[in-house]
């Protein structure tokens, strides 16, 4: 899991910019989207020094940095907008857990995870996302991947659908976070479907060894919880801070996202409880099967051991064995053994072993 | 569980009205009940635009919307009464967990679950219920089902039984919530009965594989807890808010409902502990049975293996085996084997294996 | 457990008086005890309308209502003393959990459980007790049972032993609660003795199937905890309220009772941990026994299977088997088998299986 | 555990003095130690009425009461120093859990447990200790035992070693409590050594049935935790109270004792976790052993069953069995069986069963 | 673990200086580093009385004491800088858990653990570190080991790399703590790699008895948690104290370290959960293997027992056994047995046992 991480920052002074995460080959892409109710413009930034955005423009500016693995780029963006180096360090550290930080009403830093669900392996993959919210701008950072998760919102702004164009930068931020959180629910939905299939097999005792799969689910849920759990306090803390950067009218939207996060956590927790239950059932099934195997063995032994002993007796070579000389001795013996076997079978059936 | 849900709102702007829940074919029914101590009127609303209810009428108005799957209807009701779109989104989302929200003394939003118990399957089914409480009106939303859970209260108002007619909209709300919470206790009652039957069978070791059933109970209790737990904080939070919409004289009724909710949660928790105990007993029973099976096998083997060995000896064909020539060798051998078997039986009985 | 409950209040308006609990045939008995340092009088009340007690008498009045199953009686007592109907509902509901409520310095409502221990079954039985404390009166409600738990205090007042006669109604209340809580400790004492006996048997591996008994203990402890746990917060909350009804000089007595309650809870919890440990030991014993059974079987098989095979060889009927023709072949074979058996026994002893 | 307790106070009025604890035959001994930087005197008190100590003497007075089983003695000491009867009740109740109580700046009551470790049985024994701290006196109560735990401090005061002589009564109290808490660490040290030995045996799978011993350890740790846990809050609460009886300069010493208590609790908790881990390992070892026993049995059976069947075939008495007539039939059969056995052994070795 | 500890302080007065920890043979080394933006000097202190550092020098002084086992040295350093004896006691006690303490704006005491990972044994080793922060000095204490963990920071100061030279003593402290905390992450990284290897083996059921190893991991994680957990509250408490010794501009660095600590704890916790899961899988694998062994045994027995019985029948020596006289009896019997064996094999395959 962590073995694929490229760098470590041991021994460096606090605030040193080092990318910590899986290797990335592609270049960083930077987009600038500017909009208000009437105006809309999308620019692809080539020269980083150009992308200075400020609070005194009459429209919302959204700088979307797609790639966090180049220290030069991150540092340039950071210096242009007066961002504390420790926060830039957090932007570049894919192992950073979700958090929110307020810097003196000049900007809010929000860091969280976009999660992807790999349908084949059933594994979850996390992308490190960071936001800076100024009074009328948002700067977003995402890992360079093949897909761009914010495309949907960019298109919504372009097409002027929804309220984004009428509202400020804080509404843009809440829209982006909402998008990410809604995707968590999508993932849980897919997971639940899988889990239900597995549950069906286990309840019907048709799955031979589901423990590895159950364990896989548990691990994914643990991972997910780790990423989602800190969000819970984050947003309510965000509202308590009473920062000038977030309008009171946007508060209900933040509370709404918070509600969704609580739903996600509840869903994760009930799935985890479900898994614990299924593991119990699996063990019970294993025990029952063992019981049934042992009963079969015991019944076989209990029936054939005495019979084999009897035929052994009449296989002895004593000179004087009167039974052997009886004309119907053989048939009497066979009949006796049949009666014995039947009696034993009857006894085991009565004891409930068959 | 979740696979039957129709829609998802991934990618939509926050506050978009989408029904999330099982498919519904029927139309929405809207009833308006108006009453005070002297006056009572029940109307079936056809045209939604007519159903505007306001705070300045001299009676309590209760608008009961039966069906939450038609966005047009919900939006129309919402716009007529100035309800925030995010709350309407919650009204239409059957996966929304219970919550309470205060909107500036203009209205209180309460959302919770009506639970049904299916006697055959032993499963619990949740219906999403929402309320808006104004200073002299209540708007209720319920999923369109075959039964109407509020019928009882409607009839009570009509028949002028109880205090509802003498009291305001806040008392109406508490009556409706009380009705729902009382039904939780009914369900737990029925569950407890079932569980006691199962307990009897398990304690008497008469149930072969109760683990699936126990697991089913556990799942229902987990589900129930998920729906009831948030109610606990909800109501006390409601009282702390000190909203003008709730009279001090109605406070004891809210506290009473809160008490019942605590009872429900306690009952759920003790049932869950009971289940854990029963699972333990079941495993112990399985182990004891296995022990008993293995002992039977071992005793059989321990007795017949030596005997079979002895008869095998005298079945050998050596030319010179003096015992075989003895006239009474056969009988001595039989007697010796009888003594051996008796000795072994005695030994196992002494060791407590029989 | 709950199946013996008579009524349910589903569908009734909040505050409706319905008795919920096991059926009772006997009539309610009402006693009035009046006392101060000089004066003492005990009256049996026949006509309920006579039993109005007020705050302005120069002595403490204690109205003891023995029986809570007759709504008429409860309602009459309640109306005479201006008690809120919701509290009367709690008085009549034996499923109500312990709670304390303050009504505007006019009275305090306290509800808790008297517990009985049935020596034969080892089961705990709860009696629902409620108190109303006014400035110089106490009204107590108890279920109609064969015994009267307050007899002891009534006699103490009569005999003028202890401080009760010198102190006010609040001291009377604390004496009554103390009596009930002390009895919890008595029960735990008896339980502990039983548990120790069982522990001795289990540690010595002398008990064949203690799991049902352990489970029974656990259930009783869970039940007890459910009734005692709420008392903890109750009393300290009572002191925090700073009600005029409770004198500062009685505070140490309340704190003392609170201390005892904490002791009870600690004792319950350590007994529960003890039970968990004993269950572990029981399972370990089961496993050890199984191991020992299996080893016996394996040693038997390992010794007799090769021997039986050897005698089988010399039981074959081939024409040309030179060993059979040797004069001492039989004796050599017997000797060889003895050596083999001894070797195997030695091997198993060395492996620690015997 | 509790069965050795002599008395119970059920039915008595709150504040009645009854000794609850194991029977004691010896008389109470009372010592009075007076000291300041220049002065020191140790007196054995014969007549209790003489031992009145007050706040206005120019030295620290320490009254050490060794024995809490005589109600007369305790009551006399209590009345001389105006101690609340409920606290005297706590002094005499060995089942009282640790607590601290402040009585209006006139005295502080501290109750805790001295613990002893019995090397042979590995069991912990608790002695009930109580302190009253006035502005320049300390009254200590201990159960009458053969040893006097405070001897060390008495000698330190006599020999004028350490700071005790230079400091007030609060420092004396903290020294006494520190002595008791340090002894907890000693006990844990000894326990840890024992546990490590046991751990070594279990990890090497050399211990046949460690479950009883592990359970014994767990029980002792649970007991210890019960006695130490309440101390944690006690002392910090003591500091928060801001009583005039404790000087600010003594605060660091209280915080230091608190630190030690946290260390004790941490150590108890990590030992408990260790125990849980060892129990797991023990079960795993049991299972592995069972697996190994079963494999042995199965391999034996799998090899000898076919061989015995083959020799059985050629032991049949059919007239026409051509193989029997072959001159080398016997040797071919033996060779065939050897090959079969070798093949089976090879197969099981490949499957990893040997 | 604790058995190697040299001393104990039982019976000593609080604040007595005793070294508690493993034996150390080497002498204490003391270094003094002085620096500001222009100036830098490193001195090796021979005479302890020389090393008095004060707040009124125009540069930051860092006194690094390497060795905490000599009471004389520690006492001398403490007296020179007015340090409370109880804190010196903590400096010398390697069992002291991490803590922070503020002494009236004159200095801050911080105590924590440097952890080392032994690659061979997979064990963690703790070194006790303490810091005193004055307004422009830091005194650090470390156990005398072969390596000096602060070398890296000393070199950074010398080479004037990073911000240390531009900032005050508080930044030096945060750099040192950051260094230690970063190393925790390094250790967890290495542990995770090991754990993943082990996970691979267990998931593939290729590890025969991983329980001891899993237990070893768990123990190390428990140990690590014990040392890291208290740090969490420590730093945020440190910031809340609002001491003059820590500049507001250094706050973000403290918060950053706190973030890393939270990451460490989260990582420890998810590793622990992983371990629990692996233990489950291991047990499931054990059970599955047992099941498979038992099935093999049962199938063998079920097939060969009847066959051996049949050949036993025809090995009997009755005079009149018509089958034996049939010319093809032998061949018919062989064929019959082959059919029986095939039938049984088919049956077991159908039941899913093969």
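As written, the chain order gives the labels A, B, C, D and E, with residue 1 at the start of each chain.
To be clear about the criterion, contacts are C-beta pairs under 8 Å (C-beta built on N, C-alpha and C of every residue); 3 or more make two chains touch, one makes a residue touch a chain.
Source: prediction; values computed, not measured.
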For chain E, the least number of touch steps when starting out from chain A: 1
On Cα atoms, by how many degrees is chain B rotated relative to chain C, nearest 5? 70
So how far apart, in whole Å, are chain A and chain D when each is placed at the average of its C-alpha atoms? 42
Using mean C-alpha positions as chain centres, tell me how far chain C is from chain D in Å, no decimals. 26
Would you mind listing the residues of chain A that make contact with two or more other chains? 287, 290, 294, 297, 301, 305, 308, 312, 315-317, 321
Under the stated contact criterion, what part of chain B meets chain C in this complex? 152, 156, 161-164, 174-175, 178-179, 182-183, 185-186, 189, 192-193, 196, 203, 252-253, 255-257, 259, 262-263, 266, 270, 273-274, 277-278, 280-281, 284-285, 287-288, 290-291, 294-295, 297-298, 301-302, 305-306, 308-309, 312-313, 315-321, 353
So, in the complex, the side of chain D touching chain C is made of residues 1-3, 5, 8-16, 84, 86, 89-90, 95-97, 99, 101, 209, 211-212, 215, 218-219, 222-223, 226, 279, 282-283, 286-287, 289-290, 293-294, 296-297, 300-301, 304-305, 307-308, 311-312, 314-317, 321, 323-330, 333-334
